[in-house]
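The two complexes that follow have subunit A in common; it is paired with subunit B in the first and with subunit C in the second.
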Partner chain A sequence: MTEAATPLPRARALVTIARERSGQGLIFVVLLGLFLLFSVMRPSQFPTAFNLRSLGLSASVIALLAVGQTFVIIGGGIDLSVGSVLVFSGVVAAKAINGLGAATSLGAIVLVGTVVGLGAGASWGAVNGFLAVRGGIPDFIVTLGTFGMAYGLAAVITGGSDITTPLKLTTKLGNGNAFGVPWLLLIALVAAIVMQVVLTATRFGRYTYAVGSNREAGRRVGVKVDRQRISLYMISGGLAGLGGFLALALYNNTTIGAHGNDNLVVIAAVVIGGTSLFGGTGSVLGTIAGVLVPVVLQNGFVIVGVPTFWQPVAIGAVLIAAVYIDGRRRTAAR
Partner chain B sequence: MIRSTTKAVAALAIGALVLTACSSDKKKDTASTASSATSAAVAASSAAASQPATADLSKVKVSYVSGMKALPFYVSVNCGATARAKELGIQYEYNGPADYDATQQIPIVNAVGAKKPDALIVTATDTKALIPPLKAVKDQGVKLVEVDGTVEDGSLSVSKVLSDNKRGGALAAKAINDLTGGKGSVVVISTKPGISSTDERGEGFKEAIKAYPGIKFLGIEYNGGSNATAQQIVTGLIAKNSDLSGVFGAGNVGSEGTAAALRAANASGRVKVVQYDASPGQVEQLQSKVLDALIAQDPYQEGIDSVNQAVAAATGQPTKDVLTDLHIITRETLADGSGKKFQYKVSC
Partner chain C sequence: METVAAVDTVIEAVDIYKSFGRVDVLRGVSLSVRRREIVGLVGDNGAGKSTLLKILSGVESCDSGEIRVGGQPVNIRTPDDAHAHGVETVYQDLALAPHLDVAANLFLGRETPRSGVLGKLGFIDKKAMQIACEEDLHLLGLRVRKNLATARVESLSGGQQQAVAVARAITWGRRLLILDEPTAALGVRETKQVLDTVRRVRDERDLSVLIVTHDLPSALRICDRVVVLRLGRDAADFDARAVSIDQLVGTITGVYGGAGERDAGLREDEL
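This part shows the complex of A and B:
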């Protein structure tokens, strides 16, 4: 019973780690600044209900993937498979939904789609986690492998053509509102808040920081490192699977060919949000800001009228500047 | 610390501001040089166009969101549209995603919609996924003109400017028959399923090839918009079908991959390749015998027609659908000079 002998110092140390390492970055200030800048430049076009709604919809699916990726990266890993897992889960969910028959109620469609999507995604996460942790294969390679496999199997199942899902799913959920807010945005926000609480206020969250910052130390204080790491890949996969179902609702079909770059977009968002690629530090809320900065920039630059070929140049420059400033501030704070 | 942080943010904000300001100016410059370069071509087309130019159109705002911003086809549509916009004196803007991808295009459509132009010219990259965002833009009071790619819901736009894709597919079948002497197996390589333009080309080809009984049709393959995939598909097809005599590339990406596969299999020349579209690279490949015929659309004219329809819609005049013409380009028509003018542009 060595564990029981030192419960207090251990818990305290883990809490301290969690608190220190979830420090919010300046990225929120940058995001707010961009918002104000575009609002001042185009007051009748940028800060409108229509545009804010569009921004929320554009960010919501990627945000889910990024929240899951945050857990994996804080835990010292990486998950390159998310875009394909999203596509695969979407395809499986679409098959399940279309198998229900045309008369099925929206509630049943959403229930089946969510369960199947989450399940399919979490299964890929389990495969990733098991191979990386128990199999000892670098997760970069494992998730690159499953990236190809999930995409390929999705194409096998569909024969390469996108599957269309019921229109009411798109009109009611994908483009529908709840309390004036798009459903998808609401779902992404709830997921982000829940996962932020999990990360900062639960033992699971503290263990996540612990395995990311020092695996051996974590093991010695009694963290079940392997199980913890596998769970992180399952969270990432599960959220990608949920994203797959929500993408069906948003796009009305499986958009098989469209998610090849999602992993880079998502990993960039996580890093912009202040999570270290080396693990051990980071926060979900920072990640949400990291998702929003490029989305707001792209939208704002179109509205302001930056010529289309200059937009990626400008977005890239602002992203680097934002992370540079953030990094400077962190160094100064230490 | 706080002060230095504030400074840094201010610097970033100013940086972004300067960037947007500079690039806006830059855009005006390029627009004016572009239009002077093409003014000769415009003069010819404007004489034929039927838009009344008497009203003051300087307040009319038209935006074009293409399927892929740097693709010569859409660059040519933009060139035609820019030239026509300049001529009519309207405000015109061009945007497009980096890849031919609905998930990238939708945020851009949304952002342009937020600006509430009088009319939005759009090339839908997916027949279904673009319906909700375009509906939302339309509900903002923006008139929609579809060019090259359309959505399934035909009621959204006031005008569709298209080249006759089925006829293009049929022309390709005729070209393949002429080139192969009516023998062997032929395949269509398309981009992705669910894109109206390439789907119709495939369909047109499939119907027309039935008229040539000596040719065996192997079906339609999809390269997902990637040259690497196109190369793999063609490599596999050559291995499997020793009598492969013709490839029709129906999508706008993939001919380089097809060519690479044929070179590697030592089958260039034996397998005839007919490619949709006529970007400068494709014309070059035609000249160097990598390709054997091109089915050229007329994107520049589509740009002109789109702006005409957009302005008509914005000023409350009747609009109509427009079908533009297609042309087969061969090495012979390039040599005698009649084919060169159908080549697409990389800049205005």
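This part shows the complex of A and C:
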């Protein structure tokens, strides 16, 4: 990217990245198509500020998890623990916040919640990474194990019932706006943009692709493969932890029972977004589209009056189609 | 084997031992490569060729023995160490990341940072690497197609991929190129191309080359010297112009010792 680059070639370059790097141009077309379809069918209900706001809110927490998962999957791994890590981090953050006392300012609450949530999540990520990379246990199993452990421990800490968090956290942050945009959406967007830049423009990003593409090759050219892979699980855990704190802000309590399927939703989003389950290729940009497609479908079905039971049917079909297309692309590349 | 003036010796492995569990793979092997020399390393399967190669490349470390670069003992424990001493390896499997483009592979592990603060933050200068990559490939005569630098490695043919791996080693190599079975997966024409390139860079860039190979005719054609590994030791050291393929085969299989036999006392019963 040179200083002289004008917006148009830069936009074109982004599209090229999207198409070449992941074969995911299609998903943007699908997303745009759905958006236009529902807008045309219900012009007074679908494309309204109110509805878009609710769309953005429901996508933002999942988007954070999906961004982290994208890094893990590009690096050739998988993280099934994210939903439980979110719950655990949320519980720990709620405990910390509620321990602050009623007079604590919102700023202090947000600071403590963010640090505790991120820290708790990243710690689970470190456990996942260490066991999978140094312990040589398949990450599918490791993260399935910590999926159960994080959820169980969260329930142990709270005695099984949800903890309520201060109301001002929800009114100001969870449902609050900054510059007319919901805070949560803004945070998810910033995280996605930062992580996309990390992926495409930094050494860390390049090594993420490299360890997913050919681990042994990375090792032989001197890439610190183990350290890189462990950091990927920590990113996934850390973003799940941040998601845990933001979910507190959104729902006003720890919603312990509500995240059992998050891992599947998130992995589906990443794969729908064009990231290959076999590693080495993918992008955050695609993942965001992969998060939005199910959300738009769900929302659109409600507004149009299609029974929402059709949403998982449609998503399942999209998911299978995405993997089919990835397989075709991989075969073509050989 | 004649003694070699240290100043002329680029790299030496002296009395290297290496076991994996209870299997003694290397049992006191020694090897030296002189400046601008092309040395062939041949031997049967299990003779220890790949293990010696991995030790010189820093992929494995030896149990005992010494590696000297320019006469000085050095520690080569990681690929980074080997790179720092100017040793580059083209692995048989090429060690390329198929999803990354050619420039990314050429610079993998040694990315050019952006200037200033961005560079400190880990940002890399893709444009500079692409340009440098095109130049390198051009200089090497390996620019097999236009815009090669931005082509994904998985989209290239086997021969083209090998050219990329060779280019990477030549670009970074300062002292020694190690080629592991460079002709195993190639057609006749591609094999000749690789070997011609190796000869040319040896002269142009003042490099030494160590070629591990099964391909005895190619070894004799291109090498100055051929070292035979047998049962974890250097069994013989031949002038490539003065040895026949029959002689090589005989030494490799242990049927008879050739003229260059280092150690006629390499006895089966001692193993």
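Keep in mind that, in the parts below, the second predicted complex is superposed on the first by the 285 of 334 C-alpha atoms of A that agree within 3 Å, B and C clash if a C-alpha of one lies under 4 Å from a C-alpha of the other, contacts with A are read in each partner's own complex, and residues count from 1 in each chain.
Convention: a residue touches a chain if its C-beta (ideal position, glycine included) is under 8 Å from a C-beta of that chain, and two chains touch if they have at least 3 such contacts.
Keep in mind it's a predicted model, so treat the numbers as computed, not measured.
Once chain A of one complex is fitted onto chain A of the other, the partner contacts of A:Ala201 are limited to subunit C, with no touch recorded for subunit B.
In the superposition on chain A, A:Gly327 makes contact with neither subunit B nor subunit C. When the two structures are aligned on the shared chain, A:Leu37 is found in touch with subunit B, with no touch to subunit C.
Of the two partner chains placed by superposition, only subunit B is touched by A:Val318; subunit C is not. When the shared chain is aligned, no partner comes close enough to touch A:Gly152: not subunit B, not subunit C.
When both complexes are overlaid on chain A, the residue A:Pro138 reaches neither subunit B nor subunit C. Considering which of subunit B and subunit C touches more of subunit A, the answer is B. Residue contacts after overlaying the shared chain place A:Asn214 against subunit C, while subunit B stays out of touching range. Shared contact residues of subunit A with subunit B and subunit C: 333.
The touching residues of subunit B, when paired with subunit A in their complex, are 1, 4-5, 8-9, 12-13, 15-17, 19-20, 23-24, 26-27, 30, 69-70, 93-96, 98, 101-104, 106-108, 110-116, 126, 128-129, 131-133, 136, 140, 192-194, 222, 224-225.
Every residue of subunit C that touches subunit A in the complex is listed here, in rising order: 57, 59, 78-80, 83, 89, 91, 93-100, 104, 108-111, 113, 121-124, 126-127, 152, 154-155. Residues 26, 29-30, 33-34, 37, 41-42, 45-46, 48, 50-51, 54-55, 57-58, 160-162, 164, 170-171, 174-175, 250-253, 255-259, 295, 298-310, 312, 314, 317-318, 321-322, 325, 328-329, 332-333 of subunit A are the ones that touch subunit B when the two sit in their complex. Residues of subunit A that touch subunit C in their complex: 1-2, 20, 201-204, 206, 209-210, 212-214, 216-223, 280-281, 333-334.
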